[in-house]
Structure formats: C-alpha cells, structure tokens
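Lettered A, B, C and D in written order, each chain numbered from 1.
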Amino acid sequence: MQFDLDRRRPGQSRITTPRKETDTCKISSGVSEGLTTGTPIHVFVPNTDQRGFDYNEMSVAYRPSHADATYDMKYGVRSVQGGGRSSARETVGRVAAGAVAKKILKLYAGTEVLAYVSQVHKVVLPEGVVDHDSFSLDQIESNIVRCPDPEYAEKMIAAIDAVRVKGDSVGGVVTCIVRNAPRGLGSPVFDKLEAELAKAAMSLPATKGFEFGSGFAGTFLSGSEHNDEFYTNEHGKIRTRTNRSGGIQGGISNGEIINLRIAFKPTSTIGRKQHTVTRDKKETELIARGRHDPCVVPRAVPMVEAMVALVLMDQLMAQYSQSYLFPINSDLQEPLAIPRLEAAKASV
Amino acid sequence: MQFDLDRRRPGQSRITTPRKETDTCKISSGVSEGLTTGTPIHVFVPNTDQRGFDYNEMSVAYRPSHADATYDMKYGVRSVQGGGRSSARETVGRVAAGAVAKKILKLYAGTEVLAYVSQVHKVVLPEGVVDHDSFSLDQIESNIVRCPDPEYAEKMIAAIDAVRVKGDSVGGVVTCIVRNAPRGLGSPVFDKLEAELAKAAMSLPATKGFEFGSGFAGTFLSGSEHNDEFYTNEHGKIRTRTNRSGGIQGGISNGEIINLRIAFKPTSTIGRKQHTVTRDKKETELIARGRHDPCVVPRAVPMVEAMVALVLMDQLMAQYSQSYLFPINSDLQEPLAIPRLEAAKASV
Amino acid sequence: MQFDLDRRRPGQSRITTPRKETDTCKISSGVSEGLTTGTPIHVFVPNTDQRGFDYNEMSVAYRPSHADATYDMKYGVRSVQGGGRSSARETVGRVAAGAVAKKILKLYAGTEVLAYVSQVHKVVLPEGVVDHDSFSLDQIESNIVRCPDPEYAEKMIAAIDAVRVKGDSVGGVVTCIVRNAPRGLGSPVFDKLEAELAKAAMSLPATKGFEFGSGFAGTFLSGSEHNDEFYTNEHGKIRTRTNRSGGIQGGISNGEIINLRIAFKPTSTIGRKQHTVTRDKKETELIARGRHDPCVVPRAVPMVEAMVALVLMDQLMAQYSQSYLFPINSDLQEPLAIPRLEAAKASV
Amino acid sequence: MQFDLDRRRPGQSRITTPRKETDTCKISSGVSEGLTTGTPIHVFVPNTDQRGFDYNEMSVAYRPSHADATYDMKYGVRSVQGGGRSSARETVGRVAAGAVAKKILKLYAGTEVLAYVSQVHKVVLPEGVVDHDSFSLDQIESNIVRCPDPEYAEKMIAAIDAVRVKGDSVGGVVTCIVRNAPRGLGSPVFDKLEAELAKAAMSLPATKGFEFGSGFAGTFLSGSEHNDEFYTNEHGKIRTRTNRSGGIQGGISNGEIINLRIAFKPTSTIGRKQHTVTRDKKETELIARGRHDPCVVPRAVPMVEAMVALVLMDQLMAQYSQSYLFPINSDLQEPLAIPRLEAAKASV
C-alpha cells in the first residue's frame, strides 16, 4: 500500500508539486496478524505540509476552471484550505483501497493492472511502442514521468519542465491495461463493465475523456474492419485474433487485455495572472500562490490503476455470487478454483 | 413519450434496420388523469416483428464483437432470439423513462437536453457549424440521420448508404448538449456529474468513448489557454467567458451549457462472411442473416438524450434534498422557486 | 411458483376475501428450457376480478387506519381502485420471487423456510405444540387457516367465522422458521441478519411487530438463564444446547433454526359504520363495500416465507462473494461445495 | 453531540459497565465556523480505557450467545480485543450522527425524538404513566436508568443492582416516541417507514424484538376496536382520535406521535461460569472477566433515539426530493416552508 501511496504523493520529483507531504499510512483497524479480518480497514494518512496562508487570496477569488465557484453554487459555503474535497489529496483513499484490490486480483487470478503516461501536452507516445503483453511495472517506474519508453519519457519530462518554469501547466493521457482479467465480469445493461470503468475513471479530478478498445478512432472503421474474429487456441480457450473490443464485449469481459485511455486537462491552478470574480461577484485578478503540479498525469498513474482495480474487484465479487454459486456450464464460464489459504498467507 | 420512442424505433427510415417494430407504448400504472401518482409507471411496448428463425445459425456460432460469447462466459447459458438483453431493444425502457425526465426538467427550470449526430464514419461535422446556443429539435429531426446541418446530413446519409448496400456497417459520434442546466448538480468525489454522465452514456450499446467540454483535444492546451475565466453578467450571475469546462467544474454543474461527445462503433452484426467459433469451440464461418442497422447513430440520438436527462433528474432530486432543504446562501445557490401546480397541469 | 401464488390468492377459502382472482402467472422472460438465463424474470399476473365501482364511496372518504389518507399526504394524489399499491395485491410479486429463492436455497443447502399461523385473535397456539424440527409443509396446508395443529386450526377458523359474519375483522401472528440455514449469513453492524429480516417482515402490509428467538419474552430472563451454551456434536459441528438466540448471534446466523414471530393487525377495511373525513376534510361516515379479508394471516403465510427466503438468498450471495472467494479457515466457515449442474437440472 | 455521547458512554453510573471511557469527540472535517460544509463530518472518539488482557481467555473460548462464534463462522478469523465490531463501542458513530439528525429535524419542523426505559427485567412501567404528549428530556435524564417516572426508575435501578452483585445481567425494553413528525414520510411498499425503523432498531446490539403502535397487543383486538377514526381539528388538520397506528398508516407517517418499543436481551457476557467450546472445538468452561454492563437499556436510550432520527432524516430528504419538488396539492401535503438561514445560524 505504501508503495502506491508513494507513487501518488506530492513532492516525489521536480515535475510534481513541491509540497512535501510524506503520506505515511497508518492502519488502525481491519488487519490483524497480516490478514484482513472482515472489519472495515481504517487507513490514516495525516497531511504533514499544510500551509493555510497560501490560500488566503483564493478564499475570496474563484480560481478559473476550479471547483471553487461550483462548491459555493452547490452548498452556499465551502472550506478553503487545500481546496477541501476538490484537492487531489482525496485520492489518497482511492490509492490505498486500490492497493488491497490489486493484491487480491493478483492472488485470485494473476490479474495485473498497469497504467502509464502515454501523452504529455503535444508529446504523444505512438501506439505499439509499448508492448501491452509484456511491459512491466519496473519499466513504468524507471523514470519520473511514468512512461515505459525511456526516449518518450525524456521528451515528456522536457515538456513539463518547459511550462513549469513559466508557472503554467499541461495535461495529457494515461493508458491503463489489465492482463489476465477474469472472464464474465460486468453486466448486460446499465452496469456494463465499460460503464463502471468510465464512471470510476471520470470520477478522478481533472479528467475530460475516456475511451476503451478502439475508442474514438474506431468510429473511422467499417464493421468488417472493426470486428474481432474468434478462434480456439491450443489450450481450448476461445480467444479473439484482434482486440479492438478492448477486452469487453456486450458489457462483459472476454479475457483479452482490457485497455483504456483517460484524458487529463492541464492543472487549473496556475501561477499566472487570470481574470476572475470574487465570492461577492466583484471582478478581480488572481495569481495562485499554492504549490501546484505543472502536470498531474505522472501522479495520476497510481490513481487510475486503483480505480480500475476497485471496479474489477467489485465485479469479481458480483460475478462470484451471481454466477459461480451455481455454475451452469463450467467449461464456458471457467470459474477459478478457490485458491489455497497457504498461497495467500505465504505471499503476505 | 411516443415521440421519442418513434425516434428510436427500428424501420423508421432506409438507413436503419428494416425490422418493422411499431413500438407503440401502453401505460398500465402510475399515471391517472394526466398526473403521475407516485406509483412506478409501467410502460409496455410489445415486439410486433419478431422472427426467431433469423437467429438459428447464430445460436451456435458466436457473432464477432457481439455479446454472444461473453454472455455464455458469464452465465453458461443465453437466450438467442433477438440477442436477449444485448439487443438494442432494451433501450426502449431508457427512452420512455427519459421522456418523463425531460418533461420535468423542462417544467422545473426550462432545461433542454438535445442530441444530434456529429460524425458518421469519415464525415465529421466541424465544430461551430451547429450553434449550441440556438439550434432546435426541429433542425435535428429535419432529416433521417439527425444532423442539424442539412449539407452534412446529406453526406452522412450517403456514407451510410454506401456500406448498407455492401452488407457492411459504420459507426460515428453523437454530440449532446444541455441548455439551462440547474447549477450545483453533481458531487465532489466519486459521483461527479461527469462520472455519472460517463457511466450513463457508456452503458448504451456499442459505445467506445466519452468526452465532455474540451475532451481529448483539451490535452493539447496549456492551463493558461484552457482555463475558463469568470465574469459577472448584467443580471448579477457568475458566468464563464469560454466553456472548455463543458458546464461542469469540480464535478458540479456551473450553469453553462453541458456538452458531451459519445463514440459509437460500427454495428457488429454484418451481412458479410466472418471467421468465428461455435459454442462447442469449433471454427466456422458466419454470415449474419438478421435485419440490422448499417449505422446505429441516428437511432442513438434519443437514447443519449434519455440517459443524460435521467442523470440530471436524479442529480436534481439529490440536490433538492441535500442542499435546498436548508439553503445556506440563496444568492449563490439559486434554488429555484417551487413551480405552480397550475403551470404543471396546464402543460400536460 | 404457482403453488405459492395459490396459497396467497384471494378467494381460496371462506375465511379469506371472496374476490375471485385466479392469479395465474405467466413468465415472459428470464427462463429458457427450464433454466434461468440471468435475464430478469418477468412474471405477469393479471387481475381477473376487478370491480372499480366497489371503491366509489371510498374515493372521497378516507378508510380509518388505511393508507388512503397518508398517500394523499405524501403525494397529493392517489389511485383509488383497489387501493393502488396499498392493496395486498402488491405481494404477488414478493411471493413469485420468493418461490425462486426458496428453490435455490433448497438446492444449495437443503434450507427450508416454513411459516404457519400461531395466533388468530385470542386463540394462541402454545409454544411446543408444533415441533420445529419436524413439522411439514403438508401439515401447514392441511387446513384453510394454515396452522399445523388440527385442533387449534379449528379454533382459529371458528374465531374468523365469528367476526366474518359481523363484517368485522381480526388479526394474529405468523411464526416462521428456517431449517438448515447456512452459517455465517448477515453482517456485524447495520445489516445484521435480524435487521434485514425485520425490515423484510415489517414491509408486509398490516404488520405491527417483529421478534426472533426469545423475543419480548426474553426480556424477563436473566443473562445466565438466557444464554445458549455451546457444545460440539458427534459430527464435529459447533452447536448450541438451547436456541433463545433464534439462530442468530451478533447479527450472523449460527446454523441453528432461525425463528421469527410477526404480528398482523386486524384488517382495517371492515363492513361496519365508522366515522371519518373526506378528502376535502368534511366529517362523514363510511361502510366499506369492497370484498375484504376478515383475517389476513392465512394468506400472509406464503408472504412471510417469501420475504424470509429473499433475505436469506441475498445474504447467501453476499456471503459467497465476501467470504468464500478466499476462505480463511474452511473448517470454521463451512463453505458448501458447489452443487452439480446435474443435481440442479434433475430437480427442475 | 457530546451530550448524547455522554449519555451513551460506559462508566456513567454504577449500573453500567465500570470501564472508564471518556468518549470525548473531536471533529476533524465537515464543519467550519459552526456550519456544516457538505463535506463528510469526521468524528474521532479514541478509546481511552482499553485492556486487551481482559480478553485473553475469551480469545479461545466462545462466549455463549455472543458474536464470538458466528464471526469465526463467517470470516474464519476475528479480532478478539473488545469484541471488534461486536462491541457496543460501534454505536458511538450512530449516536454522533444521530445528534446531527436530531438537530436538523428540530430546526426544520420542531420534530422531537425521545426514548426512555419502559421495562427492566420484571419491572414493567404501565402504559399511561408517562404522558407521551408532554414528558421531557429532563425527566428522562433525571435518573441513571432513564425512566421518566421516578418511582419506577427506583424499582428498575434496584432490579439491576440485584443482578449486578451476582455477576449476572438483565434485559428490558426501550420505548421511543417522535413528536411533530412531518407527514408523508416513508414509502408504500418495500421501504415502509415502519420497515426502515424496524431495521434501524434491530441493527442495534442485543435487540430481540420491535413493535409500533398497538404492536403485538393489537392482535387481540378486532378491526372495529383497532381502527383509528379520522376527524378534522380546529386548525383544519386531519387527525386521528386514537393512535393504535402509532403514527404510521400504509407505510407513511400521518403526523400523529410515532411510538416504538424495542426489546433488549440480558447482556450475554456475564461473570458466571458457563459451558462452552473453544475455537478448536474442545469443550471448556468460561467466566468472562471483562467489565460489562449488567443491563444495557439505560445506555441504549441515546442509541435508539439516534437510529430513529437517522431514519427520519433520510426519509425527510427523500420526501423533499420526491414530492416537494413538484407539490401536487399543498393543502394535503403540507410541505414546510424553507426555514430561514438566520434561524438556523442563531441556534448554532
């Protein structure tokens, strides 16, 4: 869990916010002698570098494209320090919970959830440079921008440095893949797997778009070009030759690699003068003084992994209770054998 | 309600499936003398053009990129006729419910939800051709492809006709806007308005992507280019000069126009030979014989409107109970006056 | 399913309402060739003996202790015919769904849910007359009041007949037991098994009270008298010697017989003159003319069974996904082996 | 909030557990300058008198009628110290949240939720001794057992003292009433107000039964004796002359006093020798050494009030969004005027 929190925390490198939050987590319930007990797990992550005074000016002037104004429109009152719940600090909880979900998915079915940065501003990693079948967490973590290709990583870092020194910001895209996803996850109608993943991803701060499989680009293909033909592989497993479906067909996972792309806008809090209004509707100018990220995508990588893992975990539990209580056709459904306690314990 | 069901139904024009389903709705509970009674509204829409025999071959062979295989992987059993719940027929209920939601939103706050086709295959309607402040439902309905611009509508129809005669299919993009959306809808963290809209949209069949405001294109801008500056208008209302936020900031609506784009893949059931496997894992070839849409986007327009209206209605109810029970600052929150019964009755 | 619907339907005997509703159920989705398909099961039970005119007078005068007035207080409008959702007709759906749940529970773990009438007006079946370990459904169904003891059944029938001829009504108590309930069902805090059962039972029309195990009578015992001591039986199973816990400890089932008692008030719609007010607040007198039950408890028996079975089914599914995905200690938890498809199919 | 926490905390008098937990609450989010901000309110109540060693013996032997065994049956693992979630300590959160709900209900509609002890072991407060229209919180708090009648309070205290010195325990009944409950709260079918209240009450530790209005005793009346006749009072309000309905008809509140009775069993952890088994199924004897309540009902009073207030608050919010967004008939529905901010602020 601490590993993922460190990937999320501010101040981890020069291309993130210089706030120095150590984000050390303390678990105060729900785990006993290395095992979860069924009790809710309480994780406490105190904020060790809070500077309220940075926010004084912002308490009256609304930051453009930030949640300042809409919180007032909704509640008629808001917390100013650190943005309250609009601070990306709220994602600490997501990352902590996601770490548990990732562990269970790995133990249960060898499922791996991996995200990386595939675009920063105008630096776009071309499709195919990263091999989705084989790239590793180590490759992602080998540089501060979290792009598994070293060459593009350098270009991305340069792009962030360029705006950082000017007090400006840039956005980008995070790609996430899931290897060895169990088959049969998701629902046919309202709770399709892609719908759950879209909600989870779009609930992260600063997101502007979501696509999976062929995505928006797939609209330029014809049906005969787009369809993924089936075949039976040497182990008697039904597979598809291509994967424009992105591992999901009819709202349900088919066992191929799930792949997603999520657009993040440039950080709205910037150190440049902008026109805005105050809480009492007077026009004013604002230069934000907080210590904010010039680009959120490197820190968004563990957040995306966490949200995807949490959706899969929920769906696995649902699938387990709905379909594996009474499997009708075990050959097609492939319910996984119950893993041994020893295996689980050994890995703790 | 019948108006929207007619916009959705098959057989409405030559560019949709030739199935002749009249989709006449019959309300059997929940409405009495023109008023809803609080009881669930039961709407019955019988299928009047069912031809099970069209599906015989498909009962053994899985259609590529369709839900056939994944339903078997999930349940170990499936209904073959008409695809069961994977048939777009399930959207009848969404459109019927959406019609009620649209009516209430209109009465309550003059809120309008309008969708149109902005891309078919390689025919892309350029941004700005349709004026989001002023285009009307009549313009959308003035042609069979549901694009408010007559010139591009013709090109789109031609693009569909081109694949239709070859038994192939194409996809496209539906754009949806919301005018006069109430402010303050949505939640700060997991249930952000964009997250709810993304889930609702991505729960529709054949969707591959979702974006709002600046979307994926916004990742190419810097923060200083992307931010929407605030000003106070002549009525003392806080507004933004640009709308790259797409009407939502920090998960909450700000009163500007909400705009969304949703990608639909080309229909997977096509009348061309494809390789696939049967339920017992034998390789085979399949030419689908059902009567399917060469392009789903014209019929998807009322579905998208319905899902967006249902999300807004849910959020309006939540906002009403959470924030308007005790408004803290009515000037910022702008709770709407309770509309008169007479007004509501008059409009029935 | 039809068996249980017949136990619930009006007009089944002289001690129920004389309305002649056949309650024949027609399943139009979700079942194919004797197996559920995962699709929602749609059961249609048309009302074949509707007489709106019986309700004319009641459309203006509120029936005392009925939902007439409160529906108007809530919605400002209501359906009059048959009482809308306040009619016990709404329990048809509960009984139909419960029939499916009972079947799965039986197949999965040999779990049996049985209810019977243990009190009608002042006729109280003494504890112990019915042996909870061995009485059968046949015994319950051997008489029209659904009391497994023939002697008390006769007294109860006489008590109902006595008020029936006077146009009055009486209430009573339904007792429900669950044999072979799986262990481990329920949750430690808000969703305790007894809390879920209480909600389910108290959601039935005309209920006034709920108790389980020692119930209200248990408050007269001391802790040393009340506690159920543990022992290990000859099969190595942990059991309790007494069962004042009613099969539930700390919100979770312990494998002993679950037992509940539910109080039903006398039917409020009676054929005797009562003082009341009209919708426009004028005082008036009312003699209800509909055909109503002199005592609801015989027909409530299948309703109670259904609600209890539905709660157990939900909890079994939850338990399956929460605890049996990774059993920690199979000896204590006793997850049941996945039953064979053949067994399930054979029993259809 | 602290007032109610003090009413719940252990060690408040000689008839409760001697554990000395001060239960001082610290609010770390969600409240700013005396107003809630819409952010979840985080209340931290550290346990200041934890003695793990008291629980050593119990870690192997299951306490009779306690959650020890069932937690193991469910999870295969459990926390031993303080019983984990089976400790009544978990009710701290309920009482804290209930304090906020009670405040809003009071401000919104003058609604008062008051509970008191109406039975301890064999000491039963006769109906009518306490006048539900007029008794006050001060009367409840005037003695350590929380019975508003001083004479019966003394008898109850004596009954508890009698078992306390013997290491035994007793149970009892808590009665709860709601004055000035808003009309129209609750739902017609599954979520009837009495169903929600029953679930909330029965989710409290040690409960065995729930009844409202005439309750189990009402089963001994005929319909003509039981029904509550309507009349219109001098303010043009529809009222009932009697209140055997307990303020709820057809699942919906009618504005009369809501009254409930909840049975609590004798505390299961007692200081007397009992037969039981250990985790590895060996038979053993156990004398619990922890410091436990000889009778839980005095401390259960604020818990019951809290759960009832939380249910009403949820229902008020639901009613607000479902029925008051568009009131159909304001005269029947009586939506309350939006209270002024000043009034709310003044009372903080």
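Here, contacts are C-beta pairs under 8 Å (C-beta built on N, C-alpha and C of every residue); 3 or more make two chains touch, one makes a residue touch a chain.
Note that the structure is a prediction, hence the values are computed from the model and not measured.
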{"item": "Pair joined by more contacting C-beta pairs (A-D or B-D)", "value": "B-D"}
{"item": "Subunit C and subunit D: spacing of chain centres that average the CA atoms, whole Å", "value": "26"}
{"item": "Inter-chain centre distance, subunit B versus subunit D - centres from mean C-alpha coordinates, in Å", "value": "46"}
{"item": "Whole-Å gap between the CA centroids of subunit A and subunit D", "value": "41"}
{"item": "Residues of subunit B touching at least two other chains", "value": "35, 38-39, 71, 74-75, 77, 84-85, 188, 323, 327-330"}
{"item": "Arrangement of touching chains [line / ring / star / complete / other]", "value": "complete"}
{"item": "Subunit C - residues contacting subunit B, complex", "value": "32, 35, 37-39, 71, 74-75, 77-79, 84-85"}
{"item": "For the subunit B and subunit A complex, residues of the former touching the latter", "value": "62, 64-77, 84-86, 90, 119, 121-122, 163, 168-173, 183-186, 188-192, 194-203, 205, 207-216, 218-232, 236, 238, 240, 244-246, 248-255, 263-268, 270, 272, 274-277, 279, 281-283, 319, 323, 327-330, 332-334"}
{"item": "Subunit B to subunit D touching residues, read off their complex", "value": "35, 38-39, 104, 107-108, 188, 316-318, 320-330, 335, 338-339, 341, 344"}
